[in-house]
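These are the structures in question, set out in turn.
First chain A sits with chain B, and in the next complex the same chain sits with chain C.
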Partner chain A sequence: MKKETVALHVAFVAATMLLPLILTSYGLKLTSEVLIIAMFVMSLGLIIGFAGLVSLGHAAFFGIGAYTVALISEHVDNTWLLLIAAVVTAGIVAFLSGLMFIRSSGAYFLMITLAFGQMLYAIAYKMEGVTGGADGKAVSESFNLGFGAIESRLAFYYVAAAAFLACYYLLRVFLSSPLGKGVRGIKENESRMTALGYNTHLYKLTVYSLSGMMAGFAGALYAYFNQYISPDLLHWMFSGQALIMVIVGGVGTLLGPAIGAGFFVILQNYISSYTERWPIIMGLLFVCLVLYGRGGVIHLASLVWSHLQSKRRTGREKSVLPKEGSGFESLKG
Partner chain B sequence: MVTSSLLMHILNGLAYGMLLFMIAAGLSIIFGLMNVVNLAHGAFYLAGVYIAYSLVARHMGFWPSLLVSVAVVAILGVLVEKWLLERVYGRELEQVLLTFGLSFIFADLVEWIWGSSPLTLPVPEALDVSLNVGGMMFPAYRIFVILVGCLLAVLLWYIESKTRIGAIIRAGVDDREMLSALGININVVFTCMFAVGAALAGLSGVLGGPIMGMYVGIDAEILVSSLVIVVVGGLGTWKGAFIGAIVIGVVDTLGRVWFPSFTMAMVFLIMIAVLLMKPNGLFGRGAAA
Partner chain C sequence: MSLLKVERVHKSYNGLQVLKNVSLDVQAGERHVLIGPNGAGKTTLFHCMTGTLPIDEGVVTVNGRQISGLPPYTAVRVGMARTFQKNNLFDNLTVEENLHLAIAACKPYRFHFFKPFYKYTDLLEEAEQLLKQWDLWERRACVVNQLSYGEQRLLELLLALASKPRLLLLDEPTSGMSPAETAQTTRLMQSMPRSITLLVIEHDMDVVFSIADRITVLHHGEVFLSGAPEEIRGDERVKEIYFGGGAPLYAEA
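Our next item is the complex of A and B:
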């Protein structure tokens, strides 16, 4: 690693850790939420941007993580155990569903993941006895990693920040490992990877499971953060929001989706305090993004982004960036 | 008694299946022909039923309301296709995002205008009777919906396989470029098909109003069921949509009676089973996308 790169990473971590100094109490809460959602969106960005799997049901894994914590915390109060349970459950579901879904690609994969997410939503919605149905469930267990319960917003911010940084660096390591490189090769040219003797199905399944686990982890933290869960966490609207966050932030980058998450969560918070019509505004954003995104703000942002990236990263890594800047080509293969 | 109540549930399932068929047929053809996964298709259903509700509430009568509502939804379809979709043809993910955004806008507009409490469309007077079916009374209206669905299926099958328009559509599903190379104005075909698909969804909405009721969120339910039908039946074929819709409609209805919490799971399992055995769906034309 180059000296400047190290310095940049130190600055990045330090900035995350020092951010509370300038934030109000509300700002802390909002930033914690951003960080948690960012982990979730990063996990979706991983499969879209690096494996070419465009899912419209990724909220399923986030919701599974959240529901696992909410349901098991009635019997077990060890936070570590609950987090592990959430990650493992989400991972198993991702593995099993991936086993069936990954054969299909493109629009079929999108429709199947959408149906899968809505199935879980329907189950959570209708099994009132277990999940609380439409009313959801309160999570009363406090977050305790063994050093006393974490109650203050500041302390929870640090939990979220540490988790976010851990996820980010884990993904970086993953992507530069032979396994991660294999996955990226599949996105670039699947038939060539097959011809080279790679079991592309297995690679995709691995990255899909990893992504599901990370989404489950984010969901588990969210259950603690929000102290309340509802079927909305599984709904396709949430999956779609995550998808748009990935695209706004930049497909094929790691931090891009996280930035997209920050942009959207803050925007939603801001707009929701003025109007209840957030879905219309979000829908309009979708439409405008699609129609004008190529030459407009997003294109500009992605230009700036790729400029920053090329300064920061080595040339080899740059090739992963979407060629046309908007990343929609992931579905064309 | 058990068999006759089972018969009742199956008839209910058929009626629901016919409603799904009308939506899935449009969705499937639009997907097969234009390569657009139209996630706003549920919104056309929603628009159909709510517009009809407002018209009926203004004493317009069920049948005129049905016609007007379907026509309005068809025009809506043309506008969406001409103004928005046409700009992003050939870019699959962008189309999905566009229609996804539209579905939010429509659903939220409906909630804004008509409120979020559930409403029902009254059954048209002429059909507001019960028929004796195997010793049980069954609403005539549902029988009527089943008949309309079957009639529509025959009509669509006839158009698809016996007419010039059908030949153009089949050719378009198989090879779009070749079709336009042969001198067919593909843009007109696309717009017409999208409008027909929207109109069918609107029709399904109006006919479904007295059975399903109307509430915010029904669009997503209907859309997901229709997507499952498209995957099960195979894209670009009305036959697949018809068989798929009957299977899903009956399974869904029986599921609601026997395992209310796991209805969607059963529907989903059917989809997975079909997908594992026949990746292109039961009657799929062409390769999977």
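Our next item is the complex of A and C:
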């Protein structure tokens, strides 16, 4: 890795860790939420941007993670066990449903995942005895990894930040591995991958399961964070919002969806404090972004970055063209 | 010893019979060329041999192992690789990345997910060697859709070779090439070691006769004739199939 790239990553981690210094208590809570949602959206961005599987039912796995924690925490209080249970359950459901869904693609995949998500929503809604139905369930168990209960907003921020960074770097490693490259190859040209000897179904199933596990993990953290869960977490509206976040942030990048999540959640919070009609403003903003900012927020940001870079450079080398693959680009993954 | 055996293969698309009782025997080391007018079923036969299309009846064996009925990605495992009539590449990846994917497909670590790609030095070295050998080393960092058509055609061949096949199926390797590129590709095919068996679909008769050990003529989904190049060259009926009589005149593009 280049020195510049290493420095950038150190700065990225440090910024995440030092952010609480400038945040208010409310800001801490909001940022924690952003980080958790960002993990979920990143998992969706993984299958959309790198495997070409556009799902409209990804909230199912987020919800499964959240419900697993909520339901089992009535009997077990070990946080580690609950987190693992959430990840494993989401992973198993993703694997089994993926076995059926992966055979379809494009609009068919979108529809079948939508139907699956809505089915889970209906189950959570109707099985009042177990899930609490429309009222949802309170999660009273505190988050405790063995170093004492984490109750303050600051402490939970660090939990979310550590989890987010871990997910981000795990995905980076995954995407640069032979398996990850294979997944990207399938998105590029599946028929050639088959001709080269790749079992493409197995690759897609693996990445879909991994994505489901990550969404489940984010859901589990969300249950702790929000201390309350409801069937809305499984609803297709939430899947759709996540899809918008991926597109607004930048499809085909790793950090893009996370930025999209931050953009969406913070904007929603900000605008809805002024007007009840916030969806109109959000909607108009997204229309503009899609029309003028192809590639999403991350693309715009990297354009600005390379513009600044080239300005800095012109003094020395007189090169005006923005150079791809430098600085900011490397974080996109 | 026969490396590839196709026995009594039938294939139809929605009632249209495309392959009728096709049998083919390719010896190890042979350069076997498949000719026939458009629509004769040559490419369909390739699809059926590699498992891309399921066959209705018949058996395909490579080196004694039956591969018909198995998923298409298993073809590479028995040493069979193919190229496509139309370039079928990873257009948005670089030449090098294309080749890396092709080489990794046959490595035991193709499913590993915890070590970055660039740390598998054997893979990088293999790619470098192939690229240098095939004069694409200078172009390694180019994205495929920036390459010339001829270079893309070459890469198409290179991707198939990356799996170190024993049997290489080439679907019109010179289609769309300039005369110079055609001559170069012909030389490449001639210079391939005999450890690689070639089965080639080709329309350019100069190319056909400069590489073929054996020629099989496919017509209306049936094997019309199979024999040594001299036999085929002298056969009046084959000329008729290509240039008139049995087949419509516009059959040959």
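As a convention for this text, the second predicted complex is superposed on the first by the 273 of 333 C-alpha atoms of A that agree within 3 Å, B and C clash if a C-alpha of one lies under 4 Å from a C-alpha of the other, contacts with A are read in each partner's own complex, and residues count from 1 in each chain.
In this section, contacts are C-beta pairs under 8 Å (C-beta built on N, C-alpha and C of every residue); 3 or more make two chains touch, one makes a residue touch a chain.
All values derive from a computational prediction rather than experimental measurement.
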Margin query: Going by the contact rule set out at the top, does A:A195 touch chain B (first), chain C (second), both, or neither?
Written below: second
Chain A contact check, chain B vs chain C, more residues touched by chain B
What is the contact status of A:S25 with respect to chain B (first) and chain C (second): first, second, both, or neither? neither
Practice task
Considering only touches as defined above, state whether A:I244 meets chain B (first), chain C (second), both or neither.
Solution key: first
- [ ] Look at A:G180 in the shared chain and tell me whether it touches chain B only, chain C only, both, or neither; answer first, second, both or neither.
- [x] second
Name the contact category of A:L284: first (chain B only), second (chain C only), both, or neither. first
Between chain B (first) and chain C (second), which does A:L114 come into contact with in this model arrangement: first, second, both, or neither? first
**Prompt:** So, does A:S272 touch the first partner chain B, the second partner chain C, both, or neither?
**Reply:** neither
### Message
By the touch definition at the top of the document, which applies to A:W236: first (chain B), second (chain C), both, or neither?
### Response
first
As the complex stands, chain A meets chain C at residues 173-174, 176-182, 185, 188-189, 191-200
In the complex, the residues of chain C that touch chain A are 50, 52, 71-77, 81-82, 84, 88-93, 97, 100-102, 104-107, 109-118, 120, 159-160, 162-163
Residue positions on chain B within touch of chain A in the complex are 31, 35, 37, 84, 87-88, 91-94, 96-98, 100-105, 107-109, 112, 220-221, 224, 227-228, 230-231, 260-265, 267-268, 271-272, 275-276, 279, 288-289
Residue set of chain A touching chain B in the complex reads 54, 56, 100, 103-108, 110-112, 114-116, 118-119, 122-123, 126-127, 235-237, 240, 243-244, 247, 277, 279-280, 282-287, 289-291, 328, 330-332
